[in-house]
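Note that the chains take the letters A, B, C, D, E and F in the order they are written out, and that residue 1 is the start of every chain.
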Amino acid sequence: MKKVVTLGEIMLRLSTQTGELLNQANALSVHYGGAEANVAVSLAHFGYQAYFVSKVPVNPLGIAAERHLKSHGVHTEFLLKGGERLGTYYVEAGVGNRSSQVTYDRKYSSFSQLLAEEINIESILEGASLIHITGITLALSPALRELILLIFKKAKEMGVLVSFDFNYRAKLWSQQEASNAIKPLMPYMDICFCGELDAVQLLGIVPADGSLPQEERLKYYYQKIKELYPNIRWFSSTFRTVISATSNRLQGNLFMNEQLYQSKVYQLEPIVERIGGGDSYAAGILRGILEELPARQIISFATAASALKHTIQGDCNSFSKEEVIQFAENESGVITR
Amino acid sequence: MKKVVTLGEIMLRLSTQTGELLNQANALSVHYGGAEANVAVSLAHFGYQAYFVSKVPVNPLGIAAERHLKSHGVHTEFLLKGGERLGTYYVEAGVGNRSSQVTYDRKYSSFSQLLAEEINIESILEGASLIHITGITLALSPALRELILLIFKKAKEMGVLVSFDFNYRAKLWSQQEASNAIKPLMPYMDICFCGELDAVQLLGIVPADGSLPQEERLKYYYQKIKELYPNIRWFSSTFRTVISATSNRLQGNLFMNEQLYQSKVYQLEPIVERIGGGDSYAAGILRGILEELPARQIISFATAASALKHTIQGDCNSFSKEEVIQFAENESGVITR
Amino acid sequence: MKKVVTLGEIMLRLSTQTGELLNQANALSVHYGGAEANVAVSLAHFGYQAYFVSKVPVNPLGIAAERHLKSHGVHTEFLLKGGERLGTYYVEAGVGNRSSQVTYDRKYSSFSQLLAEEINIESILEGASLIHITGITLALSPALRELILLIFKKAKEMGVLVSFDFNYRAKLWSQQEASNAIKPLMPYMDICFCGELDAVQLLGIVPADGSLPQEERLKYYYQKIKELYPNIRWFSSTFRTVISATSNRLQGNLFMNEQLYQSKVYQLEPIVERIGGGDSYAAGILRGILEELPARQIISFATAASALKHTIQGDCNSFSKEEVIQFAENESGVITR
Amino acid sequence: MKKVVTLGEIMLRLSTQTGELLNQANALSVHYGGAEANVAVSLAHFGYQAYFVSKVPVNPLGIAAERHLKSHGVHTEFLLKGGERLGTYYVEAGVGNRSSQVTYDRKYSSFSQLLAEEINIESILEGASLIHITGITLALSPALRELILLIFKKAKEMGVLVSFDFNYRAKLWSQQEASNAIKPLMPYMDICFCGELDAVQLLGIVPADGSLPQEERLKYYYQKIKELYPNIRWFSSTFRTVISATSNRLQGNLFMNEQLYQSKVYQLEPIVERIGGGDSYAAGILRGILEELPARQIISFATAASALKHTIQGDCNSFSKEEVIQFAENESGVITR
Amino acid sequence: MKKVVTLGEIMLRLSTQTGELLNQANALSVHYGGAEANVAVSLAHFGYQAYFVSKVPVNPLGIAAERHLKSHGVHTEFLLKGGERLGTYYVEAGVGNRSSQVTYDRKYSSFSQLLAEEINIESILEGASLIHITGITLALSPALRELILLIFKKAKEMGVLVSFDFNYRAKLWSQQEASNAIKPLMPYMDICFCGELDAVQLLGIVPADGSLPQEERLKYYYQKIKELYPNIRWFSSTFRTVISATSNRLQGNLFMNEQLYQSKVYQLEPIVERIGGGDSYAAGILRGILEELPARQIISFATAASALKHTIQGDCNSFSKEEVIQFAENESGVITR
Amino acid sequence: MKKVVTLGEIMLRLSTQTGELLNQANALSVHYGGAEANVAVSLAHFGYQAYFVSKVPVNPLGIAAERHLKSHGVHTEFLLKGGERLGTYYVEAGVGNRSSQVTYDRKYSSFSQLLAEEINIESILEGASLIHITGITLALSPALRELILLIFKKAKEMGVLVSFDFNYRAKLWSQQEASNAIKPLMPYMDICFCGELDAVQLLGIVPADGSLPQEERLKYYYQKIKELYPNIRWFSSTFRTVISATSNRLQGNLFMNEQLYQSKVYQLEPIVERIGGGDSYAAGILRGILEELPARQIISFATAASALKHTIQGDCNSFSKEEVIQFAENESGVITR
């Protein structure tokens, strides 16, 4: 079993029931998750030795977050304990044409106040095949930006695959800040999850001709980025058409060997839970790359994993590799009995 | 903050869970609502001093109904206490092609036995900008019909805008009874919520040519009614296409200044709760009129308020003016984070 | 009230909530049901003296299963007590493009170990108009196969209508086993529920020309089977198009008097619970035959009963004859109040 | 199996969760029950053919009430359908030193408006061993008082045992009204459930010397009543010491053959549900009398049945005769595994 | 109706179910409360115009906190909007000999960062009869300490009664800090809630002779404090004996006119919710003082209000004055029906 | 961290809510547990590398059972996959004087059909400090008895401490069977959990003088067993006084170095969940022995761990060593805030 490492924040999520606003709720559902934590969970279910690096407070919420990770088989040896609080956020789940609303209460969290020197970079990368981080982590503090740069450099040295997901969140930082933080990391990446908006707004690529089909535009952006950062071997993203909060269409894109590969288009309806859909997708791509699968298999697997995730509650995918493959081949809705 | 007044019954609603019949239920959800009460709640959330006039029994259910109103900021100074019982109704929520079933148990309620002399009409109208009442209230007793007539006359004298929603309920009275009760009120109305069926069946307007488009027919009816009652300055209604109990299409209509204005068509799917959708719409129209907005803004706001209501549980809309406007401009289902 | 008899297994069903897998669940919903038990329940609600013949253990689960039957008015005089356990199964309800997953834990159940001699065949058939059994019962043991053959023979002698539903379940037995068990029963049937796959795979009918429309193919199969078993007067089945686990299309087919009659096509969306949909349909057909209704009424009633079942939780239909008829005539989703 | 008959009202009960007031509740638990209905349920579980005579409305609540009865094996052939509504009541369950609060909403119920002529007295008593009625039924209307008198007279003629439970409820009628209604029934009773307060306040017995022990006083009252109505062969009641809403002590008393027999004293703590405790006791006494058991066995069984009832939710006892006997012999709290 | 004012923090409370730890919970109950907010709620239910002064963030949680206050009739005109977050805390409810555990997450809350200049002291005190504040508010920031001092001084000037509850929380500050903050406020108080530990540890009173009975010791402390601060006319506190988290004994103490008055001792068992018990008590004392009741009535009412609070969920008492009086006179646990 | 190993069955437990019987339940709580699994969980929380050896089926319930173990940090490398089913049992939780009722459905489980050769004994014991097994495992099959004997012998050889808990269950086997199975294991034990009844009924020790105090009798039995099996260095058991299902008294006993040590007596009231109380105790004893603590500390810690367990839901203790110690020192019920 290969070792894979992700680093980021794990948060407590408190959500209302469908059709209920926070001011109506007298109970909230409890989940734990975060972009990188969710990727670690998926990779653990796909059969990897997944390690999650983070920091949680020494209180019952920190214990609960760790227990969540362990229940999915994620290794928590690098989960630091300390700091003031566990990042928290509240979700009023959208339905129909009302969108989900996220209320963040994550400032001053233990992880956001992590110092670079608390992490022993060599030991977390020791023996690892891959390290994965997202833009959310960069948004949290200058110290984290500095830490990630150090990690990426060391990973490069040690021959560990470097994966980065832009995951831009307008509620956390400005495009300018994001751009400044991400650009210095680009030369170290092997795998890059980003889309059209990221290319234009964060990397400053000249916009493609708007009359081109969506996939042509995406191809153009990936080629342009690759010209700047030839170290990047895989680019990936999804096309998501939002019909309503309950109904989406989803297609995966993978650019490798100078070619764009696309999955089938999934009709996601009804959506049980959209949160974590992107992380599940990223984990699927990473698994395909680690297994050195052909491009079509990688993108088919990753998009199926994401589609499947939309049908269950919680932030993370607990389907095994086999279940995803079976679903990818035979998605239907027919009862098995 | 302008004072607005509504008068009607507030009831206890007991509903089954989705996909459950009353004979399967071992718990029922509790809500409090009623057409006029719901309008008061919406107007309170839109920033008005909303007063609700009614009567509830001196028991824990009466207290709970009052508490519901207060929690939404509705003033309860004119909520009388006494009588025998709180009107109650049971809802088996429809789903797909099975309709919702309402079982009324509202007879002998405190409000339905209210006497005209219990209400100090001058004091409730004192300083008010608007009074709103629906046909449901008229259906409950001759005494209430008499009371409403007195109120409408006095409102006219005092320069208070008079709004009336036909809200015809076949389970409560016959078309003939409704017609007899509503016609005498027509000369006092400024704002009238009614549709094609109301025009033909309750006001006796000669049916329009059935081959005309729906909006042409509606325009014809409003013009005809206005010929009879030139005092009415605003007519409004919705076109609702019922695809299933879970999926509707909704469009708002406003007739003013001799013109029919229509909102965009909302696709409501899935519908979390349809009850209160019309009241939310009416409150939206009233807010637009009170704010003296242009017709297009009135109808856009009102229909958005109604669409939004369909995505939450409970009888009433607790969205603020700002939230409705934002939704009207940008309804999508895209998660905000 | 006519007496009708069904015989089969009643099981405990434990299901997760929507969007939840078994490994996420900390509570499971409890239902009791089984193909023949569900048919008995429907027939009781349609106004028959329905008797259910089975065997349950002497423990609280056996008591609960009996209580379930009684609450729906099914007679339990022929419900034997004894054996080791109540058959159980777990359902992870499907949603969208993820199918429902059934995990059976029914081996060694009291019913599956029933011996033919435990049943007094004459007494259960005494005065009955109809006996109904499905292929699931045959799949459970050789002893049950032998018992059913004896019952069918005796029913024929006593002039009791014999109804059989193929209900093939790949998780329980092979096609060959099913074929061997069902063929000897064919000469005793009056009513036969089977479809294209059953005809080809279990009865060995030569496949129809695949380019023919679906209904023509079905007609061909029914004619072919009737050539072999002229005793069968009614054939029936449904066409179900699975768009997703949440959205299906359903149409009923009835072949009698050498003609194929088809119901309207129901759009089932969203589906609250699919389990029991077929049993509800079968009960509808049986009621129509017992009432000697015209073919169109039979098929319209049965398909409506099945459509209605999809909108409620639990294995069985608790709608009355009148409610089904009203729905069949006026299915819409419009709220009644 | 002997036939037994009870007649009374069955109501919908809506209760809050422990520690919750009605004005805090957003869901209410649903139960169906009533004094005589509960006795019928217990007797059905003890192995009798129990018939419950009443009237419920033709709506989903009436159906649900009937289904409740059937699920416990009570025969509903004499359950009339019609009238305006199902009697309803709300319970805020007490806890510790806060008492339960009952809010009745039972006026105008179908049963309370039942007319004597709707009941075919001969047919309900045909073949019965016992008829049981309580004072609550008398409190509901003059027509019901008249009906009960007719029933008691006919029962006497037909040799059916007549049982009456005073069950005085101050919220329903005055002591004077109760006294006037009950006295004419006394000459027809064989079994009478009443206590010290009933004897003094409703039957006008001269109070016993207050310094006597409680059981001596009770014996005195029973002797005095028997002097007036020598037809009564069994008297019974319980001594209940209320430490708090959660903790009671309970002892059963049976007076027969000129002697007072007392059960052991049960410590009931915590009490899950007190409602129905008395009905469960009465059913236990009736079963003992019908079985012609020795006095000590009667009173031991009845008090155990009542104690057991306090440990489960809902209005009625669903324990079998065997379970009650086992509990009576071996009450402990030790887990069996 | 007299105007009363309280000022403090209102927080979101998230609690586990009974017998569940945070690391086991997948749903949390939602309540809103805080010492001063709870007192305001109680006083509103007792019939006062209660105003609550605080600051909440502009997000759905701030809205929900305000809605909670309004639903209890508390005026929110002085509830400021702004800042970063709503103070939050988590409760693992204790049971038996396991204590409740509180996990605070209240740092950086909007209220804790309130500046003195944000409050218009004159306008909040205008026309008020009483202002009530607790030590928790002082613990939150120097700015709040300064603000409270200004408020107390101004209240004195304006003839508003000043009430202060020590409410010492070791998790928020040290005894030394508390002492430094509270002492300067003492000369302005009219009503002071404090106990033996407060007197010794925070006010530096020489400890009483430990062999004296508890009430003698308390009297001694109150006399000593009064020597130092003769302005204080009422002292109050409770004696609480903790048998277990589920079972307590409670007695109220009131010192006025140089005498100590004590209530009866309540046995609280089982305790539904202990949080808010002290606030309910304080509100009871304040109501008695405002009504100028005799000492015995004040202490009896306040202790009853607190006992009653322990029997319901949530932070605050929603019983009316009449309900508390009835309970005080007739606490029992006997069901009323 | 020391390695410890337990081997036994892990089952699915389905329980009703408090005050609810199985025939009333429409949802059941889900837990996973078993005597040896629970000990492993406790030891993992106490800081050991705990391994659980067992066999679960390849289905979602097997996955869920494994996930339960992992969430508590138990190593599942030796959890075999295969066989027919997961052992299941149903619990109707007792309350007051009604006992809990356990309905087993564990026959034919994967574990009960485990063959000795499926286990690699050397590898499970490799590097372990302790192996713990209970009598329940022996009861399940002859193959398991044989396996355990081989394991105990090998453990002795390898210097691994051998711990055995009699855990006699009358529903699983007779005293004679148990005696035959356990006696051959005695010579290999280092730690033995047994009580008076075990000594007399299973080991055939001559009964002690019944007039002796309970602790004297226990001492006598332990001395007698030690005479027969001098290899046993530690004996332990609890005295449990069952006042009701809700209220127990518990005291721990430890016999070592020829002396009997007893813990304080805990009053357990109310009991949230009794299941797993004994396993929690056993784990506490084992931890004390492994840490080579003084006898008084061992018994104090173990009994506190068990008392704490009774206050939470689920089969197993998730308190850390520190939490247990803090509770042992300071059990009270006082809220910490």
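In the analysis below, a contact is a pair of C-beta atoms (placed from the backbone, for glycine too) under 8 Å apart; a residue touches a chain by one contact, two chains touch by 3 or more.
In this text the structure is predicted, and so the values were computed from the model without any measurement.
Between the contact lists of subunit C and subunit D, the overlap consists of B, F. Hopping across touching chains, the smallest step count from subunit C to subunit E is 2. Comparing the contact residues of subunit E and subunit F by number shows a mostly separate set, under half of all numbers used being common to the two copies. With centres set at the average Cα position, the gap from subunit A to subunit B is 46 Å. Centre to centre, using the average C-alpha position, subunit A and subunit D are separated by 63 Å. The set of subunit C residues that touch two or more partner chains comprises 21, 23, 26, 67, 101, 270.
Listed by chain label, the pairs that touch are A-B, A-C, A-E, A-F, B-C, B-D, B-E, C-D, C-F, D-E, D-F, E-F. Contact residues on subunit C toward subunit B in their complex (touch as defined above): 266-273, 307-308, 310-314, 318, 327, 331-337. Against subunit B, in their complex, subunit D makes its touches with residues 14, 21-23, 25-31, 59-61, 63-64, 67, 84-86, 88, 90, 92, 101, 103, 105, 107-108. The part of subunit C that touches subunit D in the complex is made up of residues 67-68, 70-73. The residues of subunit B lying in touch with subunit C in their complex are 18-21, 23-24, 94-102, 104, 169, 171, 242-248, 270, 274-275.
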